[in-house]
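Reviewing the structure listed below.
For reference, chains read A, B and C in written order, and residue numbers begin at 1 within each chain.
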Amino acid sequence: MELTTFIQTIANSVVAGSIYATVAVGLALAFGVMQMANHAHGEFFMLGAYVVYVFYALGGMPFPLAVLAAIPTIAIIGLLTERLIFRPTRGNVLAGFMATAGLTWVLQTAAGRIWGLAFMKMIPTPYMGAANIAGAQIGWQRVLIIPAACILLGLLWFFLHRVRWGKALRACAQDPEAAALQGISINKMTALAMGIAGAYAGVAGALLAPIHAVTPYMGRDLLITAFIVVIVGGMASIEGAVLAAFLLGFIHTFVTTIFDATSAVMVGVAFMAFILIVKPTGLMGRVKA
Amino acid sequence: MAMFEAKELTKYFGGLAALSDLDLEVEAEEIRGIIGPNGAGKTTLFNVISGVYRPTSGEIIYQGKEISGLITSKIAEMGVVRTFQRTALFHKLTVMGNVLVARHLQDKGGLFRAIFGTNRRIDIEHEEKALEIIDFMGLSDLKNELADNLPHGHQRSLGVAMALAAEPKMIMLDEPVTGMNPTETKHMTDLIRKVRDEWKMTILLVEHDMKVVMGLCDKITVLNFGKKLADGLPEEIQENSDVIEAYLGGEEVAELLGE
Amino acid sequence: MSKHKVLSIIGVAALLAVMSVLPFFAREYYVEILIIFLINIILVTSYRLIATTGDWTLCHVVLMGAGAYASALMAKHFGWPFWMTMPLAGAAAGLVGLGIVYPLLRTVGFGFFIASLAVGEFIRLVWIKFHTPFGGPRGMINIPYVGELGPIDFYEAIPYYFMTLMITSGCVFIMYRIDRSRIGNTFKVIYEDDILAESIGIRVGRYRSFAFVLGSFFAGIAGALLAHRLSAIDPHQFGLDEMVYLLVWVVVGGTATFAGPVIGVAVMTFLFEWTRPLLAWRPLFFGAILIGFLIFLPGGLESLISKFAFWNKKQKTT
């Protein structure tokens, strides 16, 4: 592989890993806290992209503000999903997963009806130009995703380890019964987890909006990737999810560059099957599954 | 050769040693009591022997064969069956239905019979054997009653009946008389003795009811924190100071023994 | 014979009679729909067979695809007739099932669910990646039609319909017998308490794999029927979206009784056609149905029926 291509691929891998990580941490958190397997997670991502489309491309709001707007917007959708779908099906992982599969259809169809089904590549790129590293050209629009993801993941870490509610969330993920005995409200925790899940998936979609084709179905492929990341990372482990996200980002990008996209997905999926069968605790080895 | 032996049996869950270097030797047709405070590892012992858990180290030898690492159904096939501390039944089946399911191992019919299932003779044999066991356990009047509807004591009797239906050579009873009143307890105790006397079975018994344990068991093994604390005849165990210590200072044991 | 049994036989006979007469009163378009409906009955009933042990899979439509591709390949490349390729397609799907079930058995519940998705997707991606022999993303076309038997041309809708009706009835009958047999009972016993089952000597692993392979076999047969009717198959027909449709049938109908999933397919097929005017809003409607049922009627429509059925005195609805 040529050096330029190699550097390009590395850069793309880091970007991919950043996106995967941002999307997957929310999914891992939701699953860890109360076994909420969110099939509609890809649609949270999709709706985040549409927030940018509506506010930035249509509404003329500055790009960074539009991205930030995605956070509370999709967080609310996450909260609604928890309240209306996950709470009534609590205790039954399969039911929650299937119900959110229904939600996927609802959200995809709604987005299609509201904004049409045509390719929306018309989102103007706010940051033109590219960075030049050893001959490889990497668009600024892509590069900025890396520090954005780092900030977001850092914030999450801080929240989970230094803020009272975040610590309660972690406690709940590790042992819901003990947490309940300590007076932590499970409902508040599940709502919080899904709110974060929505916010993070949404902001990832928002960041990607200028780069990726914005369609109602853009979340579809991401769902399987997100699940691969969460499972390989260890179902309930946030750190594991981040690690797995970057690992998968590299694997996907390199395999796609060297072979093709289908092979990349195959490798990812095979990896997931392998982990589920051989080491269900995933990379980080946490017992919860 | 002993019927059953455990050698240096150890089981870790993460960093916690649920069983630690446990040695156990049980003779054929012996009734061995396994006692100890809560959390001592009694049920874990049963789970490890019956293959629900794999031991971290050590050996489990049944009739001269190493059985650690085998799956539960294989161990049951070899003749070791256990009952559960929780009420483990097929709730939507009747008493008769439950016992018939437990005859599974004894059904030599094979796949064809299992799908097209029409060998009246084998069916009748199973029904008769099931009835025999149901009679033995004193559940005849209830044989067509749904397992779910039975009072607690009878549910536990049914659990034992199911274990017996599998025709084991060694049976492990996990707290068989918990939740039973004195009459039911006496009945079960007599039955357990009969199972050993008439059906020549070896019995491991986990129980908290000290009167039952002392009256029924030939020998008793005491566990504490996963380790063997003492081993011996009931009288010896009663006088063992370590055992009395383990049960919270002694008054409890004295109470349990009715002194 | 009990009253229940007599009524059931009459009911089934009546149903078959109706199904035999129906195509003559319907437009050809609807006969095609009925053919697909019958194929889906095999699919959903075989899914339920596996689910009676407690194993819910996400790879069932992929196994249907395995049968479809197998039958298509055998017909195209070896020139074998349908009556040969169909059972072989079932066997092929069964073999694929056998190959994947042993690793899958190491997982349970939700882990099993997702692992089956992973394995299923992998297989589907193989079809997408390899143009030879699977035709890649565009799939396979020009799959030979079933041909003629004397004066009957199975290219026509009505003859194919009756052939499918016979095959479906046969498959459903076999699956029903298995469900009622000792093996079927063992499946249910395993579902209720697999640890208890193991402790009395039931080899849970063996039964789970048997259910899986058997279900895969029938899914393969359904796939063969599909391939030779449509004459073209592609990998997207066997993806997650289609799998979720299957789950909708199962959730709407219920799985506690043998007939539940069939009711689900029937109701959803009808609704699918009836809501055609909804056009692009349709998936939203079905998504809402799925959500609604899971929250408000998780036992499915069959749980409503059992509340009124006069012969279900002993059954308790949870």
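As a working rule, a contact is a pair of C-beta atoms (placed from the backbone, for glycine too) under 8 Å apart; a residue touches a chain by one contact, two chains touch by 3 or more.
Bear in mind the structure is a predicted one, so any value in this text is a computation, not a measurement.
Centroid analysis (C-alpha atoms only) places A farthest from chain B. A comparison of C-alpha centroids places C closest to the centre of the full protein. Comparing the chain pairs A-C and B-C, the larger number of C-beta pairs in contact belongs to A-C. In whole angstrom, the spacing between the mean C-alpha positions of chain A and chain B is 50. Note: centroid distance chain A to chain C, computed from Cα atoms, is 33 Å.
Between the CA-based centres of chain B and chain C the separation comes to 43 Å, rounded to the whole angstrom. Contact residues of chain C toward chain B in the complex are 177-178, 181-183, 185-186, 189, 192-193, 195-205, 314, 316.
Within the complex formed with chain C, the residues of chain B that make contact are 50-52, 71-74, 76-77, 81-82, 84, 88-92, 101-102, 104-105, 107, 111, 113-117, 146, 148, 162-163, 165-166. Of all residues in chain C, only 56, 103-104, 106-107, 109-111, 113-115, 117-119, 121-122, 125-126, 128-129, 240, 244, 247-248, 251, 280-284, 286-291, 294-295, 298 touch chain A in the complex they form. Only residues 35, 37, 85, 88-89, 92-95, 97-99, 101-106, 108-110, 112-113, 224, 227-228, 231, 260, 262-263, 265-266, 269-270, 272-273, 276-278, 280, 289 of chain A touch chain C when the two sit together in their complex.
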